[in-house]
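The same chain A turns up in both complexes below, where it pairs with chain B and then with chain C.
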Partner chain A sequence: MADQHPPQTPVQAQRAQEAAGRYTRAGLWLQVILLVLLALEPWLVSSFRVMDVAAKVMIFAVLVASYDLLLGYTGIFSLAHAMFFGLGAYSLALIIHHAGAPLWYHLPLAALLATGLAVLVSLVVAFFSLRLKALFFVVMTLALAQFADILSIQWHSLTRGEDGVSFKLPGLLDVGWSGGKLWGLTVNGRLLTYYIVLAAAALLFVGLVRFVRSPAGRVLKSIRDNEQRATALGYKTFNYQILANVFGAVVASLCGVLYALWVRFVGPESVMSTAIMLNILLMLIIGGMGTLYGSIVGAAFILVAESWLADGLRAVKVFLPDLMVLQRLADRWILYFGVLFVLVVIFFPKGLVGSAREIAARRRARVRE
Partner chain B sequence: MAAAEPLIRSQELTVRFGGNVAVNRVSLAVEPYTLKSIIGPNGAGKTTLFNLLSGQYRPTGGRIFFKGRDITGLNAAARTHLGIGRSFQLTNIFPNLTVLENVRLALQSRAGISYIFWRNFRAYPELEDRAYELLQRVLLEGRWDAVASTLTHGEQRKLEIAILLALDPELLLLDEPTAGMSLEEVPAILELIRDIKDAGQRTILLVEHKFDMIMSLSDSIAVLKEGRLICDDAPEVVSCNPEVLEAYLGGGAKDA
Partner chain C sequence: MNSTAQSAAASTQSAADLKRWAGWVVGVGIWLLPLLWINLTTYLVLTVAGVTMGMLLFLTASGFTIILGLMDVINLAHGAFFAWGAYTGFTVLGALNKLGWVETGTLGQSLVSVLICLLLALAVGWVLGVLLEWLVIRRTYGSHLKQILITMGAALVMAEVIAILWGPNDEVVLTPAAFTGSLDLWDVVIEKFRLLAILVGGAVFLAMHYVLQRTKLGIIVRGGVENREMVQALGHNIRRIFTYVFAAGAALAAMGGTMWSIYTREIRPDMGESNLIFALIVVVIGGMGSVTGCFLASLMVGLAFNYVAYSVPTLALGVNIMIMAVILLLRPSGLMGRS
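Presenting the complex of A and B:
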């Protein structure tokens, strides 16, 4: 690779090459295509179920990406991430519920409250437990998450306990509202909410991507690699860990608001429980840690499987009623799910996106030689 | 007026680990823009002294002054910002980042842009270019895009020095920079240290075993033995000191 242009160093050559290929990068086009597909989805498939899964995939992709910021980029293993999601979801639900009737300003207010609570709680978590050894940090965050879960169940006057809170959205976003047809599709509250979710999720995701590619994001990566060295370079590593914690918590909390906005129902089981935390972990591991984009694949994989794998197997039962063996197997779709998960972990130890990147990098290296 | 003031000075510096006094009442001063070597047998406390000066360890007694200011209570990050940079005897790099990124991170710390989280880190090409220059300086530019963990031991030592230079410290603490390098690589690194010294902008404290080489390189040589400073003088004087000859050159001839 000896460079024949003396004034240009290999570093500059690489930079020039990257600048030239900025708008032809495969990754960029994949993102654009994904965004266009999601934007046109209501017109492409007229099924509420598909739209529902698409919205949830977007929300969970961002939620998992914000968790990746902690675990994959900074090496902070927290089990309180679902709690921040719940905090955001309850912010919206409870404001509208306790106000009696939904009003426009409830939405920005909920976003503000969700952000404020997330900053406050994550700062407390960081100050009290980030200095602890990793194991104690895990236990502390788990205890805190359990506490929040129990609180949401027991504090009945505030949260309506296990029953949860269903609520309506204001004005145009209400399911009842309908504004006529546009290119053959009814424009209603659902559709508008879908686009709010799409826009917000895209913005938050871009925010996360920018964060990990920023100077501060690079410091996070170096802390994960060799914290003591980072300190010797003059980085106050504790501050960066707090920054990552707060940033991740705020994004998770805003994802909670979006989730509440989309589902219009919030209960302990659906936003606070350990099951959500496990789902986040599962999605992250399947998609691949430390990639951010892996969270999109992981979230899509799990939510699509959850939604259709069970159905597919039930269909087997209906169409092949005589085959007892198949029926038995179909009843155990959860088991398949587990097997699928194990296979992914074995064959793609870095997750789907992480492994794909590795293969691409190896191919590129071979081309260069 | 500051010429009379030593750049760094320790006063009765002491640290004990349990019953073992690793550094024992060491009072040492390094004048600005000079190179002082520290020698002594293995286990004499040289690395521990560096750890105290750079803030990795807290002393159990004594004080440290940098440009006349008491820095005993400052942590390692704060001392780095003041201008104290060190290399580690045991290689200490970011193993999973590229060679260039290792150096760039040090430059970024120095440039004070590190809390920025809305701009792309590649939006600072001057840092990358400067990092590459530093790699050229330590003869490592051929490996700029390699992952650091794939470097040979000698290459990792060079990377350490590049990282250190990137921090642009006034005071360099070099702990056996040539340890583990192949014989052919050693002269180039010692030449580099000589260059840095001759440029006249930095003060260097060097732990190095190759006695004949440091003789010509050093303005002064300090000798540690069992945690105590037994001698600190010009190279010609130190090499004639009977106690040194006995303690170091005679007894520990394996190091020479």
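Presenting the complex of A and C:
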């Protein structure tokens, strides 16, 4: 039958090929296994710390993927992504904090507020500086992010400044709530929150993947590769860039809401600071730009390293308490991330997933020959 | 026909003149606006503070703008040189204080100690600049994305190394005795160190202007900003010039850091980050690659910051972002930039 209706265009041919290999791709099975592992994690390992890292990896993976949409797929270099994350986190924290008692409708309200703020701010940023040279956009977003950081520290009556806001979640999500045991595991607020985070993160990630693979996503890639050509083909590139910018910002702010939901504490240092932005960049670079799935690898790598490297270095400090410089070397583990970052950019610019894909593509080409 | 064309040309000429005059009047007049809600004495104090801040910003931003203009390198590690300069000054002042030159000393000793600080900061900045250019920046020519990423990483590493060598906490910087306290001119209180800072900043601006306009090196650098290939074709080793210019920019930033640390009396390892933002805003407002534009923009940013910081402290950085946005809307290439 297939011979009677040969594919007409190269794009159709490619799609047909993709559709034929849909269920035999390694990627799909990796995704399914990852999802199942994450869903069963509370039963597999009974350690809160592992669960904490798993939840954060999910949140950051989506956050980094949304940044990848900007940098890797559209070629927009924004340094304000952490700011949108912070906006989302603060919307949930401040609504509950200022309302007094946590109620159910606060959660959708926070998501709504976060979305609205992200759309508004990203539109303003886009209109002011997206048309200009890349450098101006970098400077504008960097300055804006710094401004937001300062505002979150100094606007004490709203944000409680550097102390941050810790808050309680409503009803079933509250830490105090417990609903008995299920297959040997206590069902409590933490567990429910974990599944909310898992579901939301999976949904957002799928949304990002669909967006990148959509016709609009193809236009974004063409803008990244050659903006003039995309314009010449008749696409209003500016509108597409705005679309990517807004979409990325909204996903980032929703990630912020999820983060606040999971951690139940929001402060300038933990959601707004440049350190978060650097972390996002590091995760993206290590995972690989323009791959989307690289964000999962990058986030997992950094967060796991952060969690256990700090322990290892603390051990160094205990064993060698005399050397002051060595003590500080052990304290400043961010230094190693910085060095790693520079080395990866120089020697390994495609990142883990990017390089893996390159190797796989090369092998496939050799097989075809 | 001819006369109409001439009169049309004349009218566009006069319209352009009018526009330029209006630009100047608005440009100067806007700085008198704060007088509406600040009294004159306070205004003058703030103006001196603003000019001081502007001069200090110029030291950092001018290096950035030349590096960007000549080498087309976006160097986000520029703030880290600034911090290294600050810590150099802090160490030198601490050492000289043991000789009794800093907190208790004559005017001459104070001057000499500041001079030693500045010279050593220049040296440290130069060495670090050459190192960074050799090790890292060289590999990123032509790719802004890589430059931004790599220099952000380098900035992080340099700030962390400071935290390892000097400790992660805030430190207090000593001010040489002769520059503590302030002068009182008709109720306008001016800190003595501000005068020194304005002198140093002005001197650096004039020196840079001289080097760029009157020396052979200046001609090569300006030519490189205009057309890099042509300078290369004329037989100049542009790579070596790049290294020197990068190192000179780093040295200037380090010097700015030293002056800044004595001025604000406190330092911390990540101090370069906030200063970098100011430098970037200045560079964007002034126009990339223009030293004069950078000078004017530094003054604008310094003044605006001080006026607003006095009236609405939380918005101080915000107003500079707004100035930047407005300038970008009106003149996308900055005050003095080439379009």
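The rule is simple: the second predicted complex is superposed on the first by the 315 of 369 C-alpha atoms of A that agree within 3 Å, B and C clash if a C-alpha of one lies under 4 Å from a C-alpha of the other, contacts with A are read in each partner's own complex, and residues count from 1 in each chain.
The rule we apply is simple: a residue touches a chain if its C-beta (ideal position, glycine included) is under 8 Å from a C-beta of that chain, and two chains touch if they have at least 3 such contacts.
Because the structure is predicted, anything quoted here is derived from the model rather than measured.
A.B. asks: Per the contact definition in the header, classify A:L142: touching chain B only (first), chain C only (second), both, or neither.
C.D. replies: A:L142: touches chain C, not chain B.
A.B. asks: So, A:D225: does it touch chain B (first), chain C (second), both, or neither?
C.D. replies: In the superposed model, A:D225 contacts chain B only, not chain C.
A.B. asks: Looking at the overlay, what does A:P215 touch: chain B (first), chain C (second), both, or neither?
C.D. replies: first
A.B. asks: Return first, second, both or neither, reflecting whether A:L243 touches chain B, chain C, both chains, or no partner chain.
C.D. replies: A:L243 sits against chain B, while chain C stays out of touch.
A.B. asks: Which partner does A:A134 reach: the first (chain B), the second (chain C), both, or neither?
C.D. replies: Only chain C; A:A134 stays clear of chain B.
A.B. asks: In the overlay, answer first, second, both or neither for which of chain B and chain C A:T9 touches.
C.D. replies: Only chain B; A:T9 stays clear of chain C.
A.B. asks: Quick one: in the complex, what on chain C touches chain A?
C.D. replies: 68, 74, 136, 139, 144-146, 148-150, 152-154, 156-157, 160-161, 163-165, 167-168, 273-274, 277, 280-281, 283-284, 288, 313-314, 317-318, 320-321, 324-325, 328-329, 332
A.B. asks: Sort out for me which residues of chain A touch chain B in the complex.
C.D. replies: Residues 9-12, 14-15, 18, 210-211, 213-219, 221-222, 225-226, 228-237, 239, 243, 247.
A.B. asks: Within their complex, state which residues of chain B touch chain A.
C.D. replies: 54, 56, 75-77, 80-81, 86, 88, 92-97, 100-101, 104-106, 108-110, 113-122, 124-125, 128-129, 131-132, 141, 144-145, 163, 167
A.B. asks: Which residues of chain A touch chain C once you look at their complex with the stated criterion?
C.D. replies: Residues 71, 77, 128-129, 132, 134-136, 138-140, 142-144, 146-147, 150-151, 154-155, 274, 278, 281, 285, 325, 328-329, 331-332, 334-335, 337-339, 341-342, 345-346, 349 of chain A touch chain C in their complex.
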